[in-house]
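The structure is given below, and queries will be raised subsequently.
Order as written gives the chain letters A, B and C; numbering starts at 1 within each chain.
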Amino acid sequence: MRLKPRDTKFFDLFSVAGANIATATAVLAEFVAVPTEERAELARRMREAEHAGDDATHAIIEQLDRAFITPFDREDIYRLAVRLDDVVDYMDAAVELTTLYNPEALPANVRALVDILVKCAQLTADAMPRLATLRNLRDFWVQINELENEADQVYRHLLQFLFDGSHDPLTVMKLKEIVDQLESAADAFEHVADVVHSIAVKES
Amino acid sequence: MRLKPRDTKFFDLFSVAGANIATATAVLAEFVAVPTEERAELARRMREAEHAGDDATHAIIEQLDRAFITPFDREDIYRLAVRLDDVVDYMDAAVELTTLYNPEALPANVRALVDILVKCAQLTADAMPRLATLRNLRDFWVQINELENEADQVYRHLLQFLFDGSHDPLTVMKLKEIVDQLESAADAFEHVADVVHSIAVKES
Amino acid sequence: MRLKPRDTKFFDLFSVAGANIATATAVLAEFVAVPTEERAELARRMREAEHAGDDATHAIIEQLDRAFITPFDREDIYRLAVRLDDVVDYMDAAVELTTLYNPEALPANVRALVDILVKCAQLTADAMPRLATLRNLRDFWVQINELENEADQVYRHLLQFLFDGSHDPLTVMKLKEIVDQLESAADAFEHVADVVHSIAVKES
């Protein structure tokens, strides 16, 4: 039986990372809704959130360096930090690619996809503090999995739209890349939920 | 030295997951061979196999929740369950994308690629029960690796065909996405074999 | 406290894998610089490096089979071996796709991207022997992370070039696939650095 001290430091840091994901997703939701000329300012704020995410990840890993005993396996703490970081990285990549390609309009369903990411982000931000007790987490991974399935459906509709023959090939390629990053962000939320699930299985 | 009880429950569940992969791959082999109008019924059966795969994965993870001691590291059991699930997910995605884009004909080499997946599935279904003793598994990962190399060759020929200049760009994009899922399924078999290899290295 | 024998065998093998990555990257740097007709010979040498990488990986895993005690967790040794192999696999894939599609010219920025890979390879080859003491490794993962960020920038410029409207869609698709493999190689170096970082966190 391992010692499981209630070292609140890690839970605080995971809560910071979770809150930052909620911030980044809110910026993304604005980004896909505003006119083209307002994108630059939101891209700047997304980049800020991406840096804040990096800082949160590094803070967790440095705490791991210092800690003599840890509430979960060191490796799981490391992996959860990395997975949380992935979420923001994909959203940031979607914003960067949109800035790079600068399409006039994004397909309407992009907003539906981002709405799902907003829900995932809220669930994730709410779940992080519950790592301290590992209680009431089952709903988290069940709901994230359901939302990921919904995201899959919306993604397939987006593909159908892009390939309906009314867009030129280069535009399809560009928009598809942006949409693929958003779909990867939904997958990344599922990977966060998988790590939390795996921790719960091992520790409880 | 850890206790390694011969808890047959896990091996039974992995055998179920392995058998389901064989079923799903047989459905896929039919799907790529039938005329367009018969695809819908096979897509329905693939979706059934995909759900059965999810159920098998969940059964393994729930058993992990209940088990006090486990035949391998909890994490390896979890990872093997997830990797087995991935195989069916990629095959299901290939079928869904084919249904979505509804191309009249699939390139001839798609069948050659699926034939390799059928061989991988048989080897995997046969190997799962041998996890109980961890004996005679070396052939499994060696042969899966060889088949994955063959799949790679066929995949490259498919790319050459798609890019030979005789297809319009949107068709190339659609077919390439379908073919990419099949290639990912071959990779996913290799990842299953890698986990089995890694378990064998750690436990023997 | 686990026994941590200074079993030099593993460090020797990781050093061999690191040196092979440096060789493969040097071949890649030549490959992207020579005229089309000299590509075949370099592709042959890349394939040799890819086989040597496979051999190095297998030697590490066989040593893992034989070893009674290991300097790090068995799983981390396994993972590091696999991640090092990935680097060469992506570079080999870039070369194979270039041979397959045989484009007359590669975009100029491809050389800038490969230059970054050359730097990553040198850092990796130099870092492997330091695993024996786990000292002076922080610079390794910090610098690899910086180089991966640089690679990201160059990659985005390459996308901008490919999508500037002056290339036909099939050419864009082909070149993008080659460039994506190079970008994946940069990511793969980061994954190597992540595993080394994770080992250092756990073992020190």
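Side notes on the structure shown:
Throughout what follows, a residue touches a chain if its C-beta (ideal position, glycine included) is under 8 Å from a C-beta of that chain, and two chains touch if they have at least 3 such contacts.
For clarity, every value in this text was computed on a predicted model and none was experimentally measured.
Taken as a graph of touching chains, this assembly is complete, with every chain in contact with every other.
Residue numbering shows that subunit B and subunit C use the same positions for less than half of their mutual interface. Centre-to-centre spacing of subunit B and subunit C amounts to 27 Å, using the average Cα coordinate of each chain. Looking at subunit A, one finds that residues 169, 173 touch two or more other chains. On the subunit C side of its complex with subunit A, the touching residues are 156, 159-160, 163, 165, 169, 172-173, 176, 194, 197-198, 201-202, 204.
Residues 61, 64-65, 74-75, 78, 82, 96-97, 100-101, 169-170, 173-174 of subunit B are the ones that touch subunit A when the two sit in their complex.
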